[in-house]
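We call the chains A, B, C, D and E, going by the order they appear; numbering starts again at 1 in every chain.
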Amino acid sequence: MKYGVSGGRRQPKPLLEVRDITARFGGVVALDQVSFDVAPGEICGLIGPNGAGKTTLFNCLSRLYASHSGEIRFAGQALGALPQHRMAGLGIGRTFQNLALFRTLTVRQNIAVGTTCRRGTGWLAHALRLPAVAREELAQAARVDELIDLLHLGDVADAPAGELPFGTQKRVELARALASSPRLLLLDEPACGLNHQEVDELAFLIRTLRRRFALTVLLVEHHMGLVMALSDNIVALNFGRKVAEGLPAEVRRDPELVKAYLGESAAFNQRELAL
Amino acid sequence: MPRHLFPAVLLAIACALPFALPSYAVFEATLVITYAVALLGLNLLTGFNGQISLGHGAFFALGAYAAAMLMEHAGWPYWATPPVAALLGGTLGWLFGKPALKLDGVYLALATFALGVATPQLLKYKGLETWTGGSQGLVLIKPDAPFGLPLDADQWLYFFCLAVAAALFAAVHNLLRGGIGLNVMAVRDHPIAAQAMGVDNARIKTLAFGVSALCTSVGGALSAIVVQFVAPDSFSIFLSITLLVGAVVGGLSSLQGAVYGALFIQFVPRVAEQVSKSAPWAVYGAILIVLVLLWPTGAAGGIRHLKNRFIARSKP
Amino acid sequence: QKKYDPGASDTEIRIGQTMAYSGAASIYGEVGKTQAAYFRMVNDQGGFNGRKLNFISLDDGYSPPKTVEGVRRLVEQEQVLLLYGMFGTATNTAVHRYANAKKVPHLLLLTGASKWNDPQRHPWSMSFYPDYPSEARVYARHILEHKPTAKIGILYQNDDYGRDYLRGFKEGLGARAKSMIVSEASYEVTDPTVDSQIVQLRGAGADVLVSFSTAKAAIQTLRRVHDTGWKPTHYLAQGAALIGAVFNPAGPEKAIGVISTAYSKDPNDPQWENDAAFREWLAFMKKYRPEADLRLGSHVYAYSSAKLMVDILRACGDNLTRENVLRQAASIKAVQLPMFLPGVVVSSSPDDYRLIKSLQPVVFDGKRWNRLGEFVSIF
Amino acid sequence: MNTLLPQLAAGLATGGIYASLALALVMVYRSTHHVNFAQGEMAMFCTFIASLLIESGWPYWAAFFATVALAFTLGAAIESVLIRRLRHAPVLSIVVVFVALLVILHSIAGWLFGYAIRSFPSPFPQTGAAGALLSAHQLGAVGMTFAMLLVVYLFFRHSPLGLQMRATAENPVSSRLVGVRVDRMLALGWGFAGSIGAVAGMMIAPVVFLDVHMMSGVLVYAFAAAVLGGIGSAPGAVVGGFIVGVLENLVGTYVVGAELKLTVALVLIIAVLVARPNGLFGKAVVVRV
Amino acid sequence: MSDVLLDVRGLEAGYGNSRVLFGIDLEVPAAGVTALLGANGAGKTTTLRALCGLVRRHGRVTFAGKRIDTLATENIVRLGVAHVPDGRGTFAGLSTEENLHMGACTRTDKAGVREDFERLYEYFPRLKERRHQQAGTLSGGEQQMLAIARALMLRPRLLLMDEPSFGLAPNVVQDIFRIMRRVRDEQRVAILLVEQNAGLALDLADTAYLLETGRIVLHGPAAAVRNNEAVHAAYLGGDIA
């Protein structure tokens, strides 16, 4: 808990408030009356068995699923009525569980797309290439370069994203999400497919990013080592319902969760991170 | 190679061309330009934005008729008609893009196909006959070179079309190389991710449709001015299909591709006819298949590939 | 005294054409092929005055912009002396002004629209096909005479062909058009069937059916009308009133009683079997178009048209200027073409470009055409 | 005379025609995920061959089945000689190849068979049902369409081969990884589609008469029908066919007149699709992120 | 040790113009588990793809004494090689159950297939619950279970597993490893395992190979590899136990 903003969620104003979110697909209730808060600056772990509804929750937060009941507030603003593409502008960035890169675009271009919501010039200005456009592009290029450096993507910056190894693609996604300068970052299984050392680096990276960009992070992950090491607070889902919430140390001992999710002996097969 | 060298060389050659060619060939070259402008639009939509259109002939027709009717009924000078065609095409394309938002894949293909199929019928429609000339169409007059320029009518029209085309190519090039271009392609590659990154998919797609239709309309207007005739039979679904074929064979997602595609549209049927009188379209089809097998990503893709290979080989 | 314009020389005469070898009207491509065959025959027989005919026929796919391209290529690059026998109204319209501005003869067009007979404004263009509106007026007059109480249903092709007929027909009926025509239905060439139109016309209570259609729709109409047991008096545009190409596929018994007009000999009509001109035509076809389908009506037309063209050029003698070609074309004096019905003469004068001046109303009896009264002159 | 009933009947009859070709489109879509624009011309070509066989004295049904077999071979051959080489090409390149096939078949047919319009026999009795709403052939053709629908439906729903074909279309790599002979599946899919098309052609030809342009009009409607039904759904294609046939006639007769009937019918179809973007019977394949 | 089921010599592979594997030698014994470790982008996935003929490859690969390096993918599979591909390879438009049927599409023993259905539904109750659901709508982990189950439906002799624990909850990961142990012991299936959770993989494996940028840099008995310093630091973390 060295860097954790413990007690952050008891601050009067949470950054993200999730209230009674329910999502259904035909007969499947993917989310059932889920409520929780995320304080500014917090890293909140979201865990639960496969099919518990974690990704669905992310999709509700980024409004990919428009029809759900309940309310989501971000920085005090209700998201219900806003179109999906406004989320990035409001400060919600995300990565995807199954890679969702622009496969034919280069890494640099992928990241540049992330800066869309910070752009002010329109079609006509672009077609005529007004000076404002050039200025903007300069600023955008600087931001992209910064992220490329930060995420060690220099070697592949001009390669088409679709041809990169899995782990690299995940990093590109992260860079792309950061390019919009989000306040809240939604990470869906960022450690998936990484080896031990890479997970270590990821943990370090997430902390660095949080500090550097004053991020709040909602982290979905099955890698318990990573979740436990990073999270200030954990929300556990099962069958679409919230089954536990609290500090990592408390949640990991929750008997129901151990049974449904962590498995016997709660042996984190992914060992604890050396942080 | 410097960035602007290629277009600059191309432009220089293009400017020299009409003085080296007989007037019939100049006329043909002008038609190539008009097709290139039309394909530019289709390429933007289908290549860069991933929205398939089997009906772009409709926008070509729109531009052509807009130009023809303004000249015939309102007495407008020819040079004033392309902007109007652009405005009309852009607006109608944008409007058509709205319902098209809901559709993709074959469903969008059908919707655009319907547009292409309906075009000749609408042009023939009795209620509009006084303006469109019905199935007889409208015959126009060929303009002469202004300001006493020492050019014949064909040469002058060539330069006129070339100027319009250069302006449009430059504008589309600008559009696509910046952030908007990235958005346009992002929507094609992964619409969901694009949306999450703050791209307003609906806006991008409708505007892409609008700009695309704008270019194709201007291409149509130029073609009407050059051919000096419009009739419903010129704008059958076959035109739309031809445009798509040109765009694909030329190379989608490449502005050069529009030029190669235009050359294909203009010259390959002729070559086919020379090879076989009895079944020219079988020859055309065979050429098409060979080209696609050879260059699955179009001539532009093939040429890029060759260039890369050459560069790779010339490096030690 | 030899005089030449581009395309003519001591050894050859260049003739240009664009034709619908492909596209929706590709059936007319046969006309171009037979014309080419005729010119080949003339060359085989030594040409005339020491000159060979060089016939350049390009495909325009029945698309006007392609026609413009083709014609400009013919005139500017191939340097033809004249344009001959080009097919289609829209396609010819596209080059109408060009040909007249360039003063290139634009002769014996395969389209019957009335605009081609305009020697004052467009002296260089001349058609060889019977004028559509005039033919339609023949039917109108026939109905007025024989069935003044008719309730008329009209089926027409929705293009300049069908509409030109429709206009002429209504003019022919005059004031009575409104009361006599109970229903009009159009179809597109691309429509798979005309069933719906037939139902509509029949439903309107028509007892006279007038079809201004082309072959395919005509066949479907005959069959459908017969199958549903409707028995109207059926008038059919002469372009589609063909025994071999239309009545036989539909079943000739279904066409009994069809009224049309004729100006040439239907090669599938048994009454010409021993006709000398027919036999000559057949021999020509066998030799120069062995692969051709003789059921099609277009070969006779093509043969007659090509013959007339050669006659015109012959009449030019050694003065092969464009102006002289036009002058000869505009002063044809009562020629009887072998495959035309006896009595149908072709003539022209500088202020009358309509070459075919009379039509014979005919009725089909299930086997052959029978004359229905006298020739009717069309104006 | 009331025309509503005859118009409905005529619409259903033409609808059946559209449906039969639409089924062939569905067949090839289901097994390859492509809409084969050359399907109509393939059918036309095969119908010409059937016509030649019958003219040379073959009994109808012998010619029928020989043609079906030949169409199967033609379809499978086109797949394995040509389409196979384009497996990694972009979709639109393949669409262009379909266009190429269309013009090639059309052009060669014109060259081989000429442009004369021919009659084509119907296997159904020529009852002189004068005044009846539908002729025996039309009824028979509709029946044939339903029979083909049943076969296609059962094939994809309940046969292991059908399942493998669907899987192949959807994900060829995964199909290989479970041991499916993907090349064979694709060739079979094309073959079956070719056969269905040939049957469609032989049912259509007695109505519209046989010539090289026979399918150009029909294809537009068949495409609309297949998409309206939800491309990939066999029942959808048939329902779509009937809807298109009837809609077109009713619009033509009672709403705008024949001139604009196709236009208006297409606008209505697109309106339906905007409300139901996967067609009437199609289901959306959800892509999760 | 039992005899070699899969024998790989000098395997090279790549995409387009770029080479990824530079001569790999590898042996997988029958009824044994062989682990293949390597960093991100080392070429593990490419190795498995090359074995199955999904990418262009050269070299000598024998399976049960038969050369398979020239065979087409489907024919390799039909010899009894199942592959859990990376990215799962779900047939998104088919139902869960149809996906499983596809796994068994080359089998002719109906009764055996039925039995395996029961067994796999027992292994993965979640899939049974979701069996009529369109597979593309399953959650990531559910799809991963499906990929594993589908491969097992083949009743393979060799199982190529590309990160089987990918996206699975910790308890399911444990289940998967239990299942692998069972199929190895009960059905005598050989397994070539690519897995980022090196601790678990090395527990299960008899032998292990370490891949670095397309070359095998280390191989030996699993225990020995586990104790290698470099492996330990990168794949296991902490000090040598």
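A few notes on this one:
The rule is simple: contacts are C-beta pairs under 8 Å (C-beta built on N, C-alpha and C of every residue); 3 or more make two chains touch, one makes a residue touch a chain.
Remember, predicted model here, so these are calculated numbers, not experimental data.
Shared contact partners of chain A and chain B, listed by label: D. Note on interfaces A-D and A-E: more C-beta pairs are in contact across A-E. Spacing of chain A relative to chain C, judged by their CA centroids, is 75 angstrom.
A straight line joining the Cα centres of chain B and chain E is 50 Å long. With centres taken as mean Cα positions, chain E sits 43 Å from chain D.
In chain A, the residues touching two or more other chains are 55, 64, 96-98, 100. Annotation for chain B: residues 121, 124, 192-193, 280-281 touch two or more other chains. Residues of chain D in contact with at least two other chains: 107, 110, 220, 259, 262, 287-289.
Under the touch rule stated earlier, the contacting chain pairs are A-B, A-D, A-E, B-C, B-D, C-D, D-E. For chain B in complex with chain D, the residues that touch the partner chain are 46, 52, 99, 102-104, 106-107, 109-111, 113-114, 117-118, 121-122, 124-126, 192-193, 237, 241, 244-245, 248-249, 252, 278-282, 284-286, 288-289, 292-293, 296-298.
Interface of chain B with chain C (complex): residues 22-25, 27-28, 31, 121, 124, 134-137, 139, 141, 223, 227-229, 231-234, 236, 238-239, 269, 273, 277, 280-281.
Those residues of chain D that touch chain A in the complex are listed here as 288-289. Across the complex, chain D is touched by residues 52, 54, 72-74, 77-78, 82-83, 85, 89-94, 98, 101-103, 105-106, 134, 136-140, 150, 154 of chain E. Across the interface of their complex, chain E is touched by residues 25, 28, 48-52, 55-56, 97-98, 163-168, 189, 192-198, 200, 222, 224, 260-264, 268-271, 273-274 of chain A.
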